[in-house]
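One structure, as structure tokens, below. Some questions next.
Chain nomenclature is as follows: A, B and C, assigned in order of appearance, with residue numbering initiated at 1 for each chain independently.
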Amino acid sequence: MIKKTLLFGFLAIVFVVPVGLLGLQSLAGSWSYPDLLPSVLTMDYWGRLVSRNNLLIPLLSSFLYSLGAVLLSLVLTLPAAASLARDRIPARDLWELLLLTPAVIPAVTTALGNHYWLSRLSLTDTPGLIVVMLCFYSYPYLLRSLTWGYRLLGPELGAAARNLGAGPVRVFLQIELPLLWPAIFSGSSIVFLAAFSDYFLVSLFGGGVVPSFATVIVPALASSQRSWASVLALVFLLFPLIVFAGLDLVLNKWQRRRSLT
Amino acid sequence: MKINKGQSILLAVMVLILGASGACKASIDKSDVRNLSWAEIEAKAKGTTVTWAMWGGDDRINTWVDTVVATRLKKDYGVDLLRIPMDASVFVSKVSNEKSANKEQGSLDLLWINGENFRRAKSEGLLLGPISDKLPNMALVNPQDVVYDFGTLVEGYEVPYGRAQFVFEYDSAKIPSPPRNFVELKAWIIAHPGRFTYPEASDFTGSAFIRQVFYASSGGQANYIKPFDQDEFAVDSAPLWAWLKDVRPYLWQKGTTYPSDKAKLDTLFERGEVDFNMSYSQGGAQGLIHAGRYPATVRTLVMERQSLGNIHYTAVPFNSPNPAGALILANLLLDPAIQASKNDPLNWGDFTVLDTSKLKGQDKASFESLDLGPATLPLQVLAANMVPEISSSYVEALENKWERHVLTDSP
Amino acid sequence: MGAPRSHRFPVALLPLLVFAGVLTLAGILPSLVGSLEGWGELAADPRFLSSFAFSLWVATVSSLGATIAGLLLSLAIYNLKGAQRVFAQVYRIPLILPHLTVAFLTLLIWTPSGFLASGLHSLGLLDDPQILGPVLYSGWGWGIILTYLLKETPFIMVLVLASLGQMDSQLVLAARNLGAGRWQIFRQVFWPQCFGSLQTGFIIIFLYSLGAYEVPFLVGESYPPMVSIQLYGSLFKQDPSQRAKALAFLIVIFVFSLVFLYAYFRASKKAQNQEDT
């Protein structure tokens, strides 16, 4: 019993309290050592969120380019994952490893070189490039997830459907997609999150010109204005959360309607 | 297994979007804005957006630009303002890269710049100019003030914006009789271990602090009007490194680490972890008292005859997509009402670059009626202790060598 | 998508391969070319070596720590049931927190004027908050390490719990019934089950924490700088004379990462072969 209490206490302190802190700080008018709780509570900083209308565009921009990164990643990785799962490929493990490297080798090593030639071609400072770069550095998570999903799926169902005369599009959409859905969702969530949270790549390739929520909150996080920074950090956190929750709900409904069971 | 038709279409769409967003810029206007009359420039700028890259480390300045300046720009000229927070060294590198790449249309219209960043930009041909002669409000500026910028000839390539002077900020309730010069400061630091620090040399404010110690430890600023010489500098800077190394063990965190920028020093001062802050904004402390971030007992001080003063400027990059809008904005920043608003500690507290003797009536009155507050030093005191900046070659040398001598402990 | 075919090399892999290959090669080539004159200078400049050594230290400590903590926590919660199981899901919270936010939390909690100081003071355990100073400012990167620990431990846990979920729970019971001690059970049952995912997880977080920018930017000390800060500062904030040296340094990091990754690949293949035999 003691062990369990210690365990749950530990989990609570390490994983829950920090976020609670963030919430508390966002309401703090004044909070400094040695006060355990803020001496003044205020909604001012949340109110500022509403009055500062220059936050909406960066938020929207971050959402859109993260979505773009997910879509591009899906297009590129779906066929590849299916192939890795099913086809007989010489030195398959090596190819899989190679394809995973962009997310593993530190991004800074290739990003700076890519920035060099891309800026000479005048392709930098555009949202399209940000989508491509965010995709490049995070598609491996989706690839891993999809490969696993395809392996679990196996080729039999698809083969059976084809034998019954279904074309490849139908096989994909009606048979494989519903079963792949968990893998697609979890991989895409990671890509979306990585893209949405990214600061380095977006400010490097966007040149500070493409709006981004991450670029907005970094100066605040580094400043002395901790309460305002906490408000921004919570928005930064809640936004993807709402996106995932919403998506999960919508697609579970869709899944249920089209399910084979 | 092949990519099916649906996926091919999706892929093609993606490629198109990427290409389109790259190509989707207004066609480059080759006509030189400097050949136009002011009325033509105003007409050309109307309805456009101006992108202004400026240091974003002070939220009060950002708010003032986003509210006061942007509103006035829109109301009087029909121009929208887009502020991009970016360090000067970063945007100079950016424009420099664009110049080597022959990128004729960049993304920035106006830059907030001075000092070594201006020197680099001007020498590499990164700026559109001369431009200041085109601006009507330049008539309100004393031309003698804007001949040199950190030793580099301005020649109209940048437009004055404000007048900064370096001050220290401290809580007079905690420190009733603060140090007045660098000898006393050194003694104070040693007597109060862990209560003082300064930003890293790569930060604008930290660099300024080090420069002032440099002057004070080697006979004063007047010695450095001579052109920069590597060997002489090595001799001249020895007392500086000695001073910094002597105080190092008594600094915050025993001098093993320094706030990486002014914002981090602000945090330490506001949270009571150190007892001194520093700033180029003469009136900023009063504003922070009003904003509730500083206690009402905070005051500013300058070191005797060692307070760096400079003028900071705006400039237009050679590949600005909207130079007409940039000129309109640069001119607006010199408008007396805008300058007075900037001077007000409640907004920013940065002093005016206008020659107030050239102002009349309401314009002049708006400056005279400014309440700079008890935390701001009287103008005479500031003027009496001001020293000008030196050649930016010294600035770079000091920044480069600081890391080697003070941070990593080479002799 | 249909029956497996044995092409010599499947066409379906090509788009992704080309995309990744081009951006990787094009990403490293300009730096390689630009670095040619910098190798001598790099050898002579101790700052880069310090930066690399420091980054290796931070990456190793935080990744090993997260791996061990992740394994232990996973073992503690993997067979919880009901309400306890639901509560234990809180471990996932850091997964959705961006690295920037976790770095900010480190500042809120661990600075001498921060929450932990106030907490300890209220418990009567702390007089001078400056005792906490070394946590973030000692020069050993504890601020960065603590941030990565909080962020990466749940990541490891996800991988390990997935592996444990595939394990036959009867195995543990059987081993216990046969009188196996806890260490033996760990060694013979849990460890083989988790080893693969631990290895994968470790290498991902190790290389990430080695080269990432966001966290050191917010909580790093002045010296030594992490690799990413050193590179960005040299290439974007200093004058162009530093470029060649910085690019040479970049190549070093890249090659190191590749070698490290390949070594892991070989080691895991070996382990797999040993398992199969």
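The working rule: a contact is a pair of C-beta atoms (placed from the backbone, for glycine too) under 8 Å apart; a residue touches a chain by one contact, two chains touch by 3 or more.
For clarity, every value in this text was computed on a predicted model and none was experimentally measured.
Ranked by C-beta contact pairs, the top pair of chains is A-C. Farthest from chain A in terms of Cα centroid separation is B.
Distance between chain centres (mean CA atoms), chain A to chain C: 18 Å.
Centres computed as Cα averages put chain A at a distance of 36 Å from chain B.
The residues of chain C that reach two or more other chains are 1-2, 5, 10, 12, 15, 112-113, listed in rising order. With touch defined as above, residues shared between interfaces to two or more other chains in chain B number as follows: 1-3, 11, 90, 271-272. Residues of chain A in contact with at least two other chains: 32-33, 76, 79, 82-83, 86-87, 168, 172, 222.
Remark: chain A residues 4, 7-8, 11-12, 14-16, 18-19, 21-22, 25, 32-36, 76-77, 79-80, 82-84, 86-90, 93-95, 97-99, 101-114, 116-117, 136, 139, 143, 155, 158-159, 162, 168, 171-172, 176, 193, 196-197, 199-200, 214, 217-218, 221-222, 226, 229-230, 233, 236-237, 240-241, 244 touch chain C in the complex.
Per the touch definition, chain A reaches chain B in the complex via residues 30, 32-33, 54, 68, 71-72, 75-76, 78-79, 82-83, 86-87, 119-123, 125-129, 131-132, 168-169, 172, 207-209, 215, 219-220, 222-225, 228.
Chain contact summary for the complex, chain B toward chain C: residues 1-3, 11, 87, 89-90, 93, 120, 194, 200, 202, 253, 256-258, 260, 271-273, 396, 400, 403, 407-408. Interface of chain C with chain B (complex): residues 1-2, 5, 10-12, 15, 46-47, 50, 111-113, 130, 133, 137-139, 220-223, 233, 236-239.
Taken together, the chain B residues at the contact with chain A in this complex read 1-7, 10-11, 14, 17-22, 51, 53, 56-57, 59, 66, 84-86, 90-91, 94, 97-98, 100-101, 103, 107-108, 261, 263-264, 266-267, 269-272, 292-293.
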